[in-house]
Structure formats: C-alpha cells, structure tokens
Amino acid sequence: MAELAAPLPTWRRMAANGRVLWGGGFLLFLALVALFAPLLAPHDPLEQDLMLQYVPPFWAEKAEPGFVFGADNLGRDILSRLIHGSRIALTVAIVAAFAAGLLGTVLGLLAGYLGGWVDAVISRLVDIWMAFPAVLLAIVLVAVLGTGLHSVIIAIAVIDWTRFCRVVRAETMAQKEQDYVASAVTIGLSRFRILVREVLPNVVPLLLVLLTLEMGIAVIVETILSYVGLSIASDIPTWGGMISAGRQYVHQAPWLLVLPIVCVVLTVLALNALGDGLKDTLDPVMRK
Amino acid sequence: MSAILDIRDLHLDIVASRRRNHILRGVSLDVRPGEVHGLVGESGAGKTMVGKVVLGIAPPTAQVTGGSVRFDGGEITHMPDRARRSLMGAGLALIPQDPMTSLNPARRIGDQITDVLRLHLGMGAGEAGERALALLRDVHIRNAGRVVRQYPHELSGGMRQRVLIAIAFACRPKLIVADEPTTALDVTVQRQVLRLIKEMQENAGTAILFVTHDLGVVAKICDRVTVLQAGRVLEHGPARRVIEEPEHPYTRALMKATPRYDRPGDLLEPVPPALVDELNAAAAAYDRERAGA
Amino acid sequence: MSLGFLLRRLLLAIPTLVGVAVIVFVLLRIVPGDPIAMLIGPGATPADIQKLRELYGLDRGLLDQFVLYVGDLIQGDFGVSISLRQDVMELVLGRLPITLELCLAAIVIAILIGGTLAVAGVYWRGRWPEAGVDGVSGFILAIPDFLWALLFILFVVIFAFSGLPISGRLSHEIRFDALTNFYLLESLVRLRFDVFGSVLLHMLLPALSLALPLSAIIARVLKSSLNEAMTQDYVLLARVKGFSRIRIVAREALRNALVPTVTLTGVQFTFLVGGTVLVEKIFSYPGIGNMAIDAVINRDLPLIQGLVLTFAVLFIAVNLLVDMSYAVLNPRMRHG
C-alpha cells in the first residue's frame, strides 16, 4: 500500500505546506549555525573583559562595534554565546527526543501488541509516571544523576517516554485489528516479526510527528535545567544559563534576558510548526 | 382568502467549493390560513430546503437566487436578523424531524418550553411555568408536573415528539413547518403523533406546511398538496384529488410506491428509473434555458 | 454518580500512590552526594557526622530504610528537613496554601481567557476574529509557562512598570499577622482589603504565566466542541424559536460543550500545578514549588520526598475532581 502511494506527492505536499517550510527552514539554519559555531562566532564565548561589562546591543547609544548584541555581566560577547548555545540546545533536542522515543516506542509496541499482563504493568507504570510533576522530576533526576549533558538527556528520556508509549500503544492496538496483521498471523509469521515488519512501519508517520514535538519539549526542559543551574557545566554557554544570568541582572541589562528567550521561543515555535505541518501532510490517516 | 405563506418562483443554489448546484428551480406554492399543506417529494427533491428557507435556517452555502417568500403579507427572504428573530417562535414555528436530537440534552424539558414563552410573550417565570404545564396536558402528557423537571434522555421518542409539538404550538403561531415529523418514530407512535398534530392544528387554527415523502401521511392529514421533484413543482391541488386522480405520471408512480393505510393489500412498485431520468433531463434543460436567458 | 463509583476511584488511586512512593525512595537512595557532608560545616568531627547519619537513618541498609520509610509515611511522618531542620509535614502544609491559592487564581484566569476566546471564535465563525483566535491560541500554546514568566518580568522592567510587583507575595510596607497561609481568603474574611489587593497584585503575573498555556488549550477544545454543538438539531430549533446567536452559544451549546473541555482542562491542570515549581522560583513566590527547587539544590532528601509526594497527591486529587465533575455537568450520568 505504501509503495502505491508514491513518495513524490508526500514531498510535494510538504514543500507546499507553509508550516513545514518555515519550521524546517529555521531548523536547518540553526543546525548550520551549530555546526559552524566556531567559524561564525565573532569572539570566544568565554573570553571575559570587564571593560566591556553590560555593553548594550547595536541599537543602543553606547554600543560597542564588534559586539552586535552587546556583552554580559562578565563582558562576554552575547552573539558568540548565543551561537555556541545552539549546539547544546540542538544536541539535547535530537538525542533526548530519540532516546525518549525509543524507550516509549518499544514499551508501547510491547504493551499494545502483547496485551495481557505486559499491557497492565506498562499502563500502570504510565499512570504512576503521570502522577509526577514533570519539571520537578527532571530536576530531582538531574540532582541525583549529577549535572552534565548525559544526565540532562537521560532525565528527559526517563520522563517523557510516556508520551510515545501511550500513543504507540493505542495505535498498535488499532493496527493489530487490521486485516493485514491477521493475514500475517495466518501465514505463520512470528509475533516479533509481525511487530517489527508489519506494525512498526504504520506507526512511523505518527512517531515522526511526536519526535518533532518532543524535540521542542527537550529544548524547553534543557533551558529549565540550565536556568536552575543543573544542566551543563557553567563554562559551556547555554541559552538557559544565559536566561538565568539575565534574570539576575535584569535591572542592569534587560537585553541579557531578551536575546536567549527569543532564541528558545523561535526554536520551539519552529519545531511546533514543523510537527503540526508534518501531521497535516505526512500521514493519510491523521489527515482525515 | 389571502395566503399566510406565499412562495413565488423560488430559486435556490447550493454553492460549495466553486461548484454551484441548483436545488430549487422556480418553486411556487401557497398555504392558506388554517390549512395543512403537504409538500411531497423523494429525498433530494428540495422539499426540506423549502421549509428551511421559510424558517430562515438554510445553511450558509445556500443562496436564494430568485423569487419571493411572503409570510403574512411581508417578504422574508432577505430580512434583517433582528426582525427575523421576532417573527420566529411567535409567528412561525417548527416541528422537527428527529425528536431524539432536537431537544437539548443538558436542559430540563420545562425550561425548553418556557424559554420561548418568556422571549416572545413576555411572561414571567411563574406564568410561563403554568402555561408549559397546560401545553404538556394539551399534547396528552400525563403527569406533566414531573415531565417539566425531567431531562430529554428520560423520555421516550414519542414523548419527546409530543414535547416538541407543545413547543411549536406554544406561542400560537400562524404557520408551523413540520419537517417529516413522524419519520423517526415507530409506526404505532406515528399514527398517534399525526392525530395529535391534526387535533392541535384544528384547535388552534394554525396553518401547517407539512414536509413529507409519505403520500400515505398526506392522505390522512393534508388539505392540499404540492408535489416536488428535482426542485420543480410537478403537480398541486386538493389532497383528495391529487391522491385519487393524480395528473402527473410521476405522482402516479409515487402513489404506487407508497404503502397506504386505507389499502393495505396493494402491491408496491418503485418509481420507474426511466421516468426519473426523463424528469432530471427536463430539469437540466430548464437550467440551460435559464442560464441562456 | 454513586458512592460506589467514588470509592472505586479512590481505591484505584492507592496503587498509583504506592508506586510514586516507591519510585521516590529508589530515586533518592542512589544520590551520589552525601547530604550530611553538605549539611555540616568542614569543621565537624567524624563522630558528629555519625550521629547525624543515625538521626536520619542513613546508616542502615536499604531494605531497613525502606521499611522505616513506609512505616513513617503511613503515620504521616515525612521526617525532618535536613536543611531547614523542621518537620517536613509542617513545612509543606505551611507553604501549600500559598501554592493552592496561586493555582486557583491561575485556573480562574485560564478559564476566563480561554472561555472568552472560544466563545468569540464561535460567535464570529468564518470571519476574521475566528482566524485571530486560532492564531493567538496557537502562539500562546507554543510558549511554556516559565518563558511567559520571564517575558512578563522583562516587560515590567523594560517599561519601568513599577505598579506590578515581580517578586514576593505581599508588599513589605503592609503588616499582616496572618493566622493561616491562605492570605487571599483570610484577608477577605478579616476585611483587610489593603492586604487582599497587595496579595492579588503580587499573584497576578505568576498566575497569568501559569494560566496562559492552559487558556490556549481551553480555547481550542471548547471552541471545537462548541462548534460541534452548534451543528446539532437542538441548536437549529433554538434558532427557530428566535433566540439571538450569543444566547444560543451561551445557553444551548456551552453546557453540552463543557464535558470534553473539563476532561482536558483537568489533565492540563496537573501540568499547571507542576509549572509552579519554576514559576514560583522565577517570581520568588514562597510556595511549595519554590521550596522544591531549594530542596533539590540543598539535597534535602526528606523535604524532596515530602514535596514530590505532595505534588503526586495533588495530581491524583485533581483527576478525581474531574471525574466527579462529569456527573454535575452531564445529566445523563447523574442517575444509574
């Protein structure tokens, strides 16, 4: 069936979808910025110069040439810090979303396909998970695991696998009732094979959409953890860390807070737009 | 005697995504005060749309492209909203098709009768409550005092249709549009509800535009009848005459396709497809002619 | 709705609570840092440390600790906070009212904004206000509560909007010897309107930050259920009765559209409660959310435990309330 619906129309639909275009375009831009950060950044993001403390951005009167967005409380170049900050944001978004997706999908497939006590246990687990405040759980987890990139990613995956699990479980149960699974059973395929070969491909469009949206959530959670001071070591620039400093010095230099927030908001908006756009164009079942 | 409802050469199109479908092609009919006027046709003939135009509840995609609808002497097709609303309920009312979905599931029966009384007759809560009880008794609902406090899901379909009839007659309207009011009911309940409508209509002297596909119902309740096919009037006249001696072959075919209470033994024949094709072709020719003119 | 239904729901909540308790325990016992070392200054003798470890039961085996922990929980004993050296239960219950009042204010704001947006979108269906409502709710939804909080602070600072406080709960100039921590309620009962106004003003921005994402969700769900209700036959009959469009939306459609909205609002409300953790921190609002972050940073195990469990109980309670509200809203469920 999937072969008959040639891939070209799907791509066409995507290319014609405004939300996919702007969301995807912005992310591509961000990825390039992150990739070439050392080349693009005009200064070393860690270089302090107390002479440059609180230099305002270019639109203000006392702006310093070469420091387009000004400098922070330690005289570090904001633009360079923002550019380098995109690396952590994107890394966490991609790796954490995939980790959460993998964990949730495996458990969701098992619960939905096997049913019985496996389903009961996994569903109960999801219920318990939902009874935790996600933000608090993330903070506790990172406090337990110790700060660092790994901890942040593990924390996000451990918290947000339930999103994937619930959706994949429901979809698997629905797909299980379809004729093609029944015929696969009659041919004598093993359960595992049916799960991987027959059910999984039908869940993939849905997963892609969820992954995109999850990346947005991951960016936010990373920002939160950085804000609380529990993310990456403080000598690596992150948007959340910049926001945290910005809140501290908001009365002296409000732009310290503005610019990283704009970066986070734009990234999250772009990911949401891409996710919604994909939902509209990718999957024929969801389009209905 | 001047007509309470006078429809002249009514044209209506449904416009949906750049396609324009002709639904009504010059419908004319008149309903006199105190009469029951049957509007008969198969599904898709446009009979329900006529009722909706009269009530001002045609969907936004429907466009009246010509003709006039006069109610009680005044044109109502392009009436401003506010004037239209004061006409509704009081002068014009509806007995809907499906009693299961036409009452609000979240509101008590009593409130759904009193609201229209309070809006149009300016009654206070107490007076409207009394009047609602009387109306429920009029439609032969026993223990009306309990029913006013109940919710729709606690009543049977027949009971709900009685409530809807009570609502329709609440403000003593001059004209009621009854849109297939018995179609959704059991056969036994159908006959009771028909008898009730007739009884209420005779007592109040209300005119009814009775929209139906069922010529058997027409024979029981209507004074005059208009036969509609593909948005065109094929035949009209006194109900007895149209049923006993139909002039148009389509009406004759329709008669043969309808089970009749008075002749239970008759065999039913479907309307011949050739005849329907011929009539649809004539309707298409009419469209071309109108487009050319 | 019967009492049996309620009891069944309550019983179902128990295994969830037990699961939460177990996970909290497991999580916190693998903490790598030694909380006692953080608690005591560098000058402490090993004997001092040993005494404290015994005091908090940290010297025993994991299984013993678990038995002790469950036993204490059942008795309502959450232990003593390591950093604040006070009974955890007392600390949490003392601060809980602050957060409850904040959440309540937030949900009221969310319902007001979301409801208005939804009704406006339905009333002007197919015209530009509807597109506006969709655009606005989409944008509001994309930005999480804590970013709204920061944006509001920025707004206040940049426009030097000194009328709106961005930290604390009550103006320092006002003296108020409170009997409870429900300042809003208490000031109202005691007719201290200066206190009431100040508390409300301090609450405004944090509550709005928490409310905005939820209001967008309410707007979306309510709008689509209202639109669906507006196509029903009873709405057609109401039009024939001659009622105005706004009255039909409010009287006929709204009630029927509320059930799906309440379901979703209930689920989302738990996210709002979770959001207090960060929003309270940002606005230095002295509720349990703010306390939770401090507890984590200080590695105050008993306090973290107590707070996480409190949040879990709150979440479960909200879901119970939502289940019960169906019966009130839907007459079909009231009997049988």
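The chains carry the letters A, B and C, assigned in the order they are written, with residues numbered from 1 in each.
The rule is simple: a contact is a pair of C-beta atoms (placed from the backbone, for glycine too) under 8 Å apart; a residue touches a chain by one contact, two chains touch by 3 or more.
All figures in this text were calculated on a predicted structure; none of them were measured in a lab.
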Work through the pairs of chains, note which ones touch, and then classify the graph as line, ring, star, complete or other.
line
Relative to the centroid of every protein C-alpha atom displayed, which chain's own C-alpha centroid is closest?
C
Looking only at C-beta pairs in contact, point me to the busier pair out of B-C and A-C.
A-C
Farthest chain from chain C by C-alpha centroid distance is chain B
Gap in Å, rounded to a whole number, between the CA centres of chain B and chain A
58
Centroid spacing, where centroids are CA-atom means, of chain B and chain C in whole angstrom:
53
Just how far, in Å, is the C-alpha centre of chain C from the one of chain A?
24
Multi-partner residues of chain B (each touching 2 or more other chains)
none
Which bits of chain C are touching chain B when the two form their complex?
126, 232-234, 236-244, 251-252, 255-256, 329-332, 335
For the chain A and chain C complex, residues of the former touching the latter
124-125, 127-128, 130-137, 139-141, 143-144, 146, 216, 220, 223-224, 227-230, 243, 246-247, 250-251, 254, 257-258, 261, 264-265, 268-269, 272
Interface residues, chain B side, partner chain C - complex:
55-57, 60, 85-90, 92-94, 96-98, 101-107, 115-116, 119-120, 151, 153-154, 164, 167
Write out the stretch or stretches of chain C touching chain A in their complex.
15-17, 19-20, 23, 27-28, 30-32, 139, 142-144, 146-147, 150-151, 153-154, 157-158, 270-271, 273-275, 277-278, 281-282, 289, 292-293, 296-297, 299, 304, 307-308, 311-312, 315-316
